[in-house]
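Chains here go by letter, A, B, C and D, matching the order in which they are written, and residues are numbered from 1 within each.
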Amino acid sequence: MPTLDQLNALSDADFASALDGVFEHAPWIPLAAATQRPFATVTALHDALMTVVRTAAPDVCDDFLRGHPPLSPKALADPALTSASRSEQTGLGMASLGEDLARFETGSSAYEAKFGFPFIVCVRRQTPAFVLRGLQQRLDNDIAAERAAALDEIGYISRLRLVDRVTGPGMPRTGGHLSSHVLDTARGRPGAGIRIELFRENVLIKSGVTNRDGRTEEALIEGEPLRIGRYEMRFHVADYFADYPYRADPIWYDVIPVRFGIAEPEGHYHIPLLLGAWTYTTYRGS
Amino acid sequence: MPTLDQLNALSDADFASALDGVFEHAPWIPLAAATQRPFATVTALHDALMTVVRTAAPDVCDDFLRGHPPLSPKALADPALTSASRSEQTGLGMASLGEDLARFETGSSAYEAKFGFPFIVCVRRQTPAFVLRGLQQRLDNDIAAERAAALDEIGYISRLRLVDRVTGPGMPRTGGHLSSHVLDTARGRPGAGIRIELFRENVLIKSGVTNRDGRTEEALIEGEPLRIGRYEMRFHVADYFADYPYRADPIWYDVIPVRFGIAEPEGHYHIPLLLGAWTYTTYRGS
Amino acid sequence: MPTLDQLNALSDADFASALDGVFEHAPWIPLAAATQRPFATVTALHDALMTVVRTAAPDVCDDFLRGHPPLSPKALADPALTSASRSEQTGLGMASLGEDLARFETGSSAYEAKFGFPFIVCVRRQTPAFVLRGLQQRLDNDIAAERAAALDEIGYISRLRLVDRVTGPGMPRTGGHLSSHVLDTARGRPGAGIRIELFRENVLIKSGVTNRDGRTEEALIEGEPLRIGRYEMRFHVADYFADYPYRADPIWYDVIPVRFGIAEPEGHYHIPLLLGAWTYTTYRGS
Amino acid sequence: MPTLDQLNALSDADFASALDGVFEHAPWIPLAAATQRPFATVTALHDALMTVVRTAAPDVCDDFLRGHPPLSPKALADPALTSASRSEQTGLGMASLGEDLARFETGSSAYEAKFGFPFIVCVRRQTPAFVLRGLQQRLDNDIAAERAAALDEIGYISRLRLVDRVTGPGMPRTGGHLSSHVLDTARGRPGAGIRIELFRENVLIKSGVTNRDGRTEEALIEGEPLRIGRYEMRFHVADYFADYPYRADPIWYDVIPVRFGIAEPEGHYHIPLLLGAWTYTTYRGS
């Protein structure tokens, strides 16, 4: 992966070529930004690229928007799909929508008929359910609001693609953080040895066991966007109070599920569990 | 104490006499209401009395307001003070204001100079600190707002006096409720044998010990107004966890103070304590 | 349904006949207890019946135990099954065990081979999963411990059958209680209008909506045994904070599941939810 | 302050001289340990010194114990008091015991009469109230148990004195940690701008204001022993909810006191406050 310094030193054409695909079928964007080099930070580079996009003439902008592939399982069969789009759409997994997929396809057609360009969304920041919800909400926009919404999404998409393509000082923040912590409030110590499972839209995506400090060795999600969507943590505590003298049989709590919604993909989310034998408290921590 | 039925059956003059002192030096008020008898409820009687007051001509009303005694330790020495006023002012205990008493006296004089009648407040619904706070707030009113405020207070005063003077159906609600409940969330059972003390403005006014259900045998306050003011409950839990195997020495919690402010004298306040050995939670319950 | 007074007044034979089926194929039990009449309470009547059972000669007792039907979906096809047994086994629904049913059948055969009488359990006090767990635990007993365990279960069975057959003073306690309560700790008031669903072993068995006091109009379970097993309450709070100014989109909590295990079928279980917008606490209340 | 390397390089006599006063009137202790040099860590040096003490002949040991000054306000007037003892006793402030001081003096005399040496305690690890409690408990010891207890205290005293006299690798842990954290669970963010006061035995010893992360800029106590005793944190939250739409007037909570007992002077104590507008939770965190 090139460094920012290396990108700063390239010819304009080579610079544009190095950033090919950060924007979909639009080599003119990095080419226009090339003249503003050198960039001191990767964030400044991204800001310059987005300024080119946002200040383009309306017809150029609409052409650019029209150059985006449709978001659809069928699009994955199109050999013209860029590899970034293919990877992003595959990671999203729209097929998990099940019978809602037809609703998405219908909405997607209605969107393109209304606005003249395909529905664009940064799929790395969303779950399929919220991509569908966003489509339904944005269908009500007028063309000006929707052009702005599409460009905001292109800002998110290109920022994520850019940090995969260059290293250097001042990297933009693209990742979030999700962690937990178990405190045993019946015995006044961290809750160790408790398995935590993390589900996103009912799919297990991560698990870990709390250590002596009541934390999993690594964060449940770190360094990537937290997809907007609904999550569930499950704390497996059935064995934790096995030798506690004030327990019942069967035990009062065996699995403690905590369901929550993520709204900020780049946010810092900490969800502690204050665990007594006959009570628990959870909250959004910091 | 006469019943409402008995009051309904009296002559107008005897009715007015029976209610003498519910309003300060104003026999014309019950006399005017007498003609609306019979009253089906004590609440309806009180409403009728207050309607007489609120619909009186402005000069009559101001005369009535001027007939009230000043709220002051000095007023207690005045033999013309009605026994109801004497009892209420004694119960309030303005002397506990200490050095703030001078501020109250100054404000009181400024109030009478501005409005032409003494500062009137239902002292059975307030602590001295909040009587002072109320005086300072009401000094900023204009005369119309202040006349209304004074009549509201007379409504509270007369309602309390009336329920001391007559029994019958439809008694107005003049009392509040304050109670607590201790749950032992470390052992999954009520917290029994815990002494609870209740302080109002730093003075101990009630104490009790929780029974097998985690409650005191009687409410901490019941059937009288909860004086607007600041309170503190102290839960004495040092011995409660004496035989709990996961305690420290000295014990983590020995006394748990919970400070709170009462805003509704006729309200229902329930303040549970969820007590673990190394945690507690309190909240306004219902 | 006859009253206890009426039972007390019958001939011995009619008394025994009136209680036919409280014990499985054992008219000699009520006949022996008949001579101790009159009974002052239904509880005293049940105690007398169980004393007859517990003091029977060992071979009589084993004969009695052997007279019980096997607990099995197949037994439901046997026309000799008493109607009480049929109703109880149907209510249990062993078929819900799915592939664990074969494990139960195997254990059941092993049990009968080891002890000489069928596995007896008060199925109205258990879920199928805990009937299976109980079988596996009791298989390890020796014959004396197991005879005692079987008689304890017959005590539970006959107590429940008896209260379906006679009314009168001193009814034995056969039912439990399960309720909830939602307090809105962000706004200091009961949590109204929240739908609560109750699941037992993943099957929805009851739902309700909280009223102005934060409670469902009726208890979630009342007046019947709480089957030993695992439960889940789901609090549907997505709309509750719809107009709360400090919410996120998507909302932080939409469904709050609380899973718990019931150990005492005749117990009083109260499970409050202290609900803030970004926190919640649950505990075993009283 | 000399480094451990420098101490390792001194002559035996200079080494003993450099550590003069770490043990009270006992230059023979460092002199005996000098021969084991070089020490790799300061902890190893302290262990070696204590081994000299613990393996001394009984009469030598008792002489050493007898060489300690009495713990008493009167002792401060004795010019023979070592400066370390003077500073430690002054920091303790036995005078704050008030009328309990006479009980302490009586107990202290009884102690010396019973054991033949003065009551020795590491006063930097205790509040006066717990020094008194410890004296009363230790009076019941037999001589063997009490000699061991006194040597344990000398271990604590000398460890604290040593870290004031030498720097180097492997410093022994002599300090504890006490901190807090406020989470606003009504609004889902850290609780900023809240003043926290820390009292020890009713004396204010530290205060701070929470920053944007809900923490005070520095720990409430750090790097020194947490004196065994009773503490209170006061969270001043009256203004925190001033613009919150679901507050009452007067506000529900204005000051939240949390009282707790410290048992481990070198422990890590974290005491969060989960603050809603109508609830709060506190616990021992980690």
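Quick note on the criterion: a residue touches a chain if its C-beta (ideal position, glycine included) is under 8 Å from a C-beta of that chain, and two chains touch if they have at least 3 such contacts.
Note that the structure is predicted; figures quoted are calculated from it, not measured.
Peer 1: Determine how many degrees of rotation, between 0 and 180 and to the nearest 5, align the Cα atoms of chain C with the equivalent atoms in chain D.
Peer 2: The two chains, chain C and chain D, differ by a rotation of 180 degrees.
Peer 1: Relative to chain B, which chain's C-alpha centre is the most remote?
Peer 2: Most remote chain from chain B, centroid-wise, comes out as A.
Peer 1: Taking all residue numbers used at the chain A/chain B interface, answer same if over half belong to both copies and different if under half do.
Peer 2: The interface of chain A with chain B is built from mostly shared positions.
Peer 1: Using mean CA coordinates as chain centres, what's the chain A-chain B distance in Å?
Peer 2: Result: the chain centres lie 56 Å from each other.
Peer 1: When the centre of a chain is set as the mean of its C-alpha atoms, what distance in Å lies between chain B and chain D?
Peer 2: Computed from C-alpha means, the inter-chain centre distance equals 48 Å.
Peer 1: Do you know which chain B residues sit against two or more other chains?
Peer 2: 185, 188, 248, 252, 274, 276, 278-279, 281, 283-284
Peer 1: Using the touch definition up top, name the residues of chain D that touch chain A in the complex.
Peer 2: Per the touch definition, chain D meets chain A at residues 183, 185, 188-190, 213-214, 274, 281, 283-286.
Peer 1: Using the touch definition up top, name the residues of chain A that touch chain B in the complex.
Peer 2: Residues of chain A touching chain B: 184-188, 245-246, 248, 252, 274, 276-279, 281.
Peer 1: Inside the complex, what are the residues of chain B that reach chain D?
Peer 2: 130, 228-230, 248-257, 259-264, 276, 278-284
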